[in-house]
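Two complexes follow with chain A in common, the first pairing it with chain B and the second with chain C.
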Partner chain A sequence: MYKLEVKGVTHIYGAKTPFEKTALSAVNVGFEAGQITGLIGHTGSGKSTLVQMLNGLIRPQSGEILLDGEDIWARPKEIGRVRTRVGLVMQYPEYQLFDETVCRDVGFALRNAGMDEAEIDARVREAAECVGLEASLLDKSPFDLSGGQKRRAAIAGILAMRPEVLVLDEPAAGLDPRGRADVLGYLRRYRERFGATVILVSHSMEDMAQYCDRVVVLRRGEVFLSGRVDEVFYRSEELASVGLDIPEVMKIALALVERGVPLSGKLYTVDGARDAILELLKRRGC
Partner chain B sequence: MLSDITLGQYFPGSSLLHRLDPRMKIILSALYMAAIFLAKNAFCHLFTAIATVLLVLLSRISLRVVLRSVRPILYVLIFTMLLNLFFTSADGGRLLLDFWVIRIYEEGVYRALFMALRVVLLVIGVSVLLTYTTTPIALTDAIESLLSPLKLLRIPVHEFAMMMTIALRFIPTLIEETEKIMNAQKARGADFTSGSIFRRVRALVPILIPLFVSSFQRAIDLATAMECRCYRGGKGRTKLVRYTLHARDFVMLVLFALGVAMIVFGNLRLPIGRLYS
Partner chain C sequence: MASHFIEARGLGFSYDAESESDAVVALDDISLTIDEGEYIAILGHNGSGKSTLAKLFNLILTPSRGELILDGKTVTSEGLSDDEIYEIRKKIGMVFQNPDNQLVATVVEEDVAFGPENLGVPREELRRRVDEALATVGMTEYARHAPHKLSGGQKQRVAIAGVLAMMPRCIIFDESTAMLDPLGRREVTDVMERLNREQNMTVLHITHYMEEAARASRIIVISDGKILLDGTPKEVFSSVEPLLAAGLETPQGTELIHELRMLGFDLPKGCTTVGECTDAIFSLFKEKKDNNDV
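The block that comes next holds the complex of A and B.
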């Protein structure tokens, strides 16, 4: 069974007006427990709509979202519970920071849930540690942090809820390469620590290749491709047809294969390609 | 919820009203308003009502949408109607109802009806002429152009128009931003819809602070971007769109002028059911 499943979801914005726009049409996607699934697609492919449906911010006009096999909209009044179980980190989450101190801001969700202060404090520290925020920053105003620190504080605000499913919309957008690697690394560690299911929206095929187990490609509100990372990435022509590119390193590796170099393995990541080349060289006795 | 506003009032289309020169549309709206308020008897009210229906037909905007523009003023409308109904004194007309402290006169009923008609026509007519068929940008452009004679009095017309354009331009952006922040806080368990008034107002803090912060940032960025592109106010600035008056603009102007003349004539010569002065 899937941890989180999208079943036959259709959503149309501004129905019956001149601005009518189909965001999603009959989308079926399953997210397996404990895996990192990448969600990729162009602007306007329906990614953001889908992501906001996963934690009940948008109610699908038809179809259902199943969390552990239960429709999240079965009891609309309890949608708040779903939102703590499925944590959503929106795009550029640093814009949601508002409280006087980082500590209070990270604990916002917990305070809304009515947790007592001692436990909030423990959870906040744990979440800050998860994203590598030093304890000395916790008493500062969130507006005094650097861009990267703000981003991490905002992500910590979601992690503090200890969501079973963590959904992130472009968590690394606008960060430098070091910041990207840091943030994505924290997610991987969160998943390992709490056995969470992670859904990662990204534009970067490199990030997908490196961090995800599975990939779902959306196009114009429909699921275009979905499967394990290697399955999807070896269909580079289809990806190219929707304007997506395979990672640079994979292009080089495939070009080598085409020229008769027998490479095999995880050619879509830099490490994988390096290992494949080293393996080949070893076999040839170099 | 908020996305209904994002769409704004403008409905894209290519009807005659859409194609009219926006400056002319403002002038026509003024004439239209004059006609509505000049109308004093049943004939004139009927005439303005028919003219308004024709305008709606010309705009090719569905009646459902047009009637929606009346909805926000429904309470005001009912309130004015009641005021007119109950507080018209006995300087004419039969006494229709005399019950306890309530006295309703014939003239009160007519006043209430016609006042309501006027307000409804006014809202429908102006929405169809201006807001539904003209983009906000075209509208501010037209206002700037119509007010440009005031420049002689050293009134910074261009700057006001620019401020208005920027404000209008950023309404959808701000709404979008508000929605995003609301969603982000909802994802953290914020609740905006339950609890006492006091609680609800406090629940707005997590929305307003980020909104203010980003608005100021946006304003600074925009000012910098404008300065980088050498914006120095209106002097010597040319326009991307130059409005020219076409035959259709003049035809409409003549029709509207005739309409106003008709009302004036109707008031004087056709005192059919003269109701109130």
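The block that comes next holds the complex of A and C.
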């Protein structure tokens, strides 16, 4: 059974008006427990609509969203509980920081949920640690942090709820390479520590290759490709047909294959390609 | 010898420079020259000072120390008069990161006309400039559309057209591709390259994407307010260790070759493109084959 499943979901904006636009059309996607699934698609692919459905911000016009096999809209009045179990980190989440201190901001949702202060404090510290935010920053105003620190504080605000499913829309956008690696690395660690299911929306095929177990490609409101990272990336021609590019290192590896160098393995990451080259050289050298 | 288009001599900038205790040094002792028609990528980690440098070139900020010579006009900490600043900004335009923050009008062509209209450009000339600018960025058919309904890449191209209508000689792109999807990024970088090639526009492209930087003819790397590296993509990406230490990376192919070199394989430094890297690695296998034949 999937941890979170999208079943036969269709959604049309402005139905029966001249502005009618089908955002999602009979979409079926399953997200397996404890895995990191990447979600890719161009502007207009229906990605944002889908993401907002996963934690009940948008109610599908038809079809179901199943969390642990239960329709999240079975009891609409309790949809708030779904939002603590499925945490959504929106794009540029640092724009949503607002409270007086980082500590209060990160604990905001917990306080709203009526948790007692001692527990909130422990959870806030744990979440801050998860994203590598030093304890000394917790008493500062969020507006005095650097861009990268703000981003991590905003993500910590979601992690503090300890969501079972974590959905992130471009969590590394606009960060420098080290900042990207840091943020994506923290997500991986959160997954490992709490066994969480992670859904990562990104435009970067390199990040997908490096951090995801599975990939779902959306195109014009439909699932175009879906599978393990290697399965999807080896269909480079289909990816290219929707304007997506395989990672550069994989292009090099495939060019070598074409020239008669039989490389195999995880050619879509630098480490994987390096190991494949070493392996083959070793075999040839013998 | 003709003078440089942009020249910095011991240029420095501090935020909150009035109160010495709180002053944050963003740029320190920067000296460089940029000639007309260059296509330069500027790399640096978040907070390295690269955006500060761009804002100095466009006089959004005034230098704290040193001199900046923009098309023959010297700027010091004294600053310039408003009229002089506007003269410079006509020559050196800027496109920012967030496409939604820089469009002001409700119709695309009115947005493009906004700058020159404020300069008092006569009507026929204005019409011509707007049409040309939209044609250059490939947005002519959207002239009467509403900007908020465009995609990110299209919005950025409208923003570029708005700068082009001012007829600048240099455009600074301050992470103008950061918020775009891959298609949008390609649209914007294609426009940059075309402007540089066809109109001899000086292009300064600040970016976190190494593959984009590799397309420029020169790369300047800023780290902690200083120039760390300055050279061709080949030269800069040969310096893998300093780049990594500065929180940056290299194109993936360069990284792969670097790792193989570290393991003792004899490969050339500074390969950046897929073709170069493929050829270099292929040579390893060819040699082995030849040896086997012997």
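Keep this in mind: the second predicted complex is superposed on the first by the 285 of 286 C-alpha atoms of A that agree within 3 Å, B and C clash if a C-alpha of one lies under 4 Å from a C-alpha of the other, contacts with A are read in each partner's own complex, and residues count from 1 in each chain.
Just so it is clear, a contact is a pair of C-beta atoms (placed from the backbone, for glycine too) under 8 Å apart; a residue touches a chain by one contact, two chains touch by 3 or more.
Small disclaimer: the values here were computed from a predicted structure and weren't measured.
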| item | value |
| --- | --- |
| Partner chain(s) touched by A:G14 [first = chain B, second = chain C, both, neither] | first |
| First (chain B), second (chain C), both or neither touched by A:L175 | second |
| First (chain B), second (chain C), both or neither touched by A:V270 | second |
| Contact residues of chain A, present in both the chain B and the chain C interface | none |
| Residues of chain B touching chain A in the complex | 3, 7, 11-13, 177, 180-181, 183-191, 205-206, 209-210, 213-214 |
| Complex interface listing, chain C residues touching chain A | 44-47, 97, 151-152, 175, 178-179, 181-184, 208, 210-211, 247-249, 251-253, 255-256, 259-260, 263, 274-275, 277-278, 281-282, 284-285, 288-289, 292 |
| Interface residues, chain A side, partner chain C - complex | 42-44, 146-148, 173-179, 203, 206, 243-245, 247-249, 251-252, 255-256, 259, 261, 270, 273-274, 277-278, 280-281, 284-285 |
| Chain B partner contacts - residues on chain A that touch it in the complex | 13-14, 17-19, 52, 55, 57, 80, 83-84, 87-90, 93, 95-99, 108-109, 112-113, 143, 157-158, 161 |
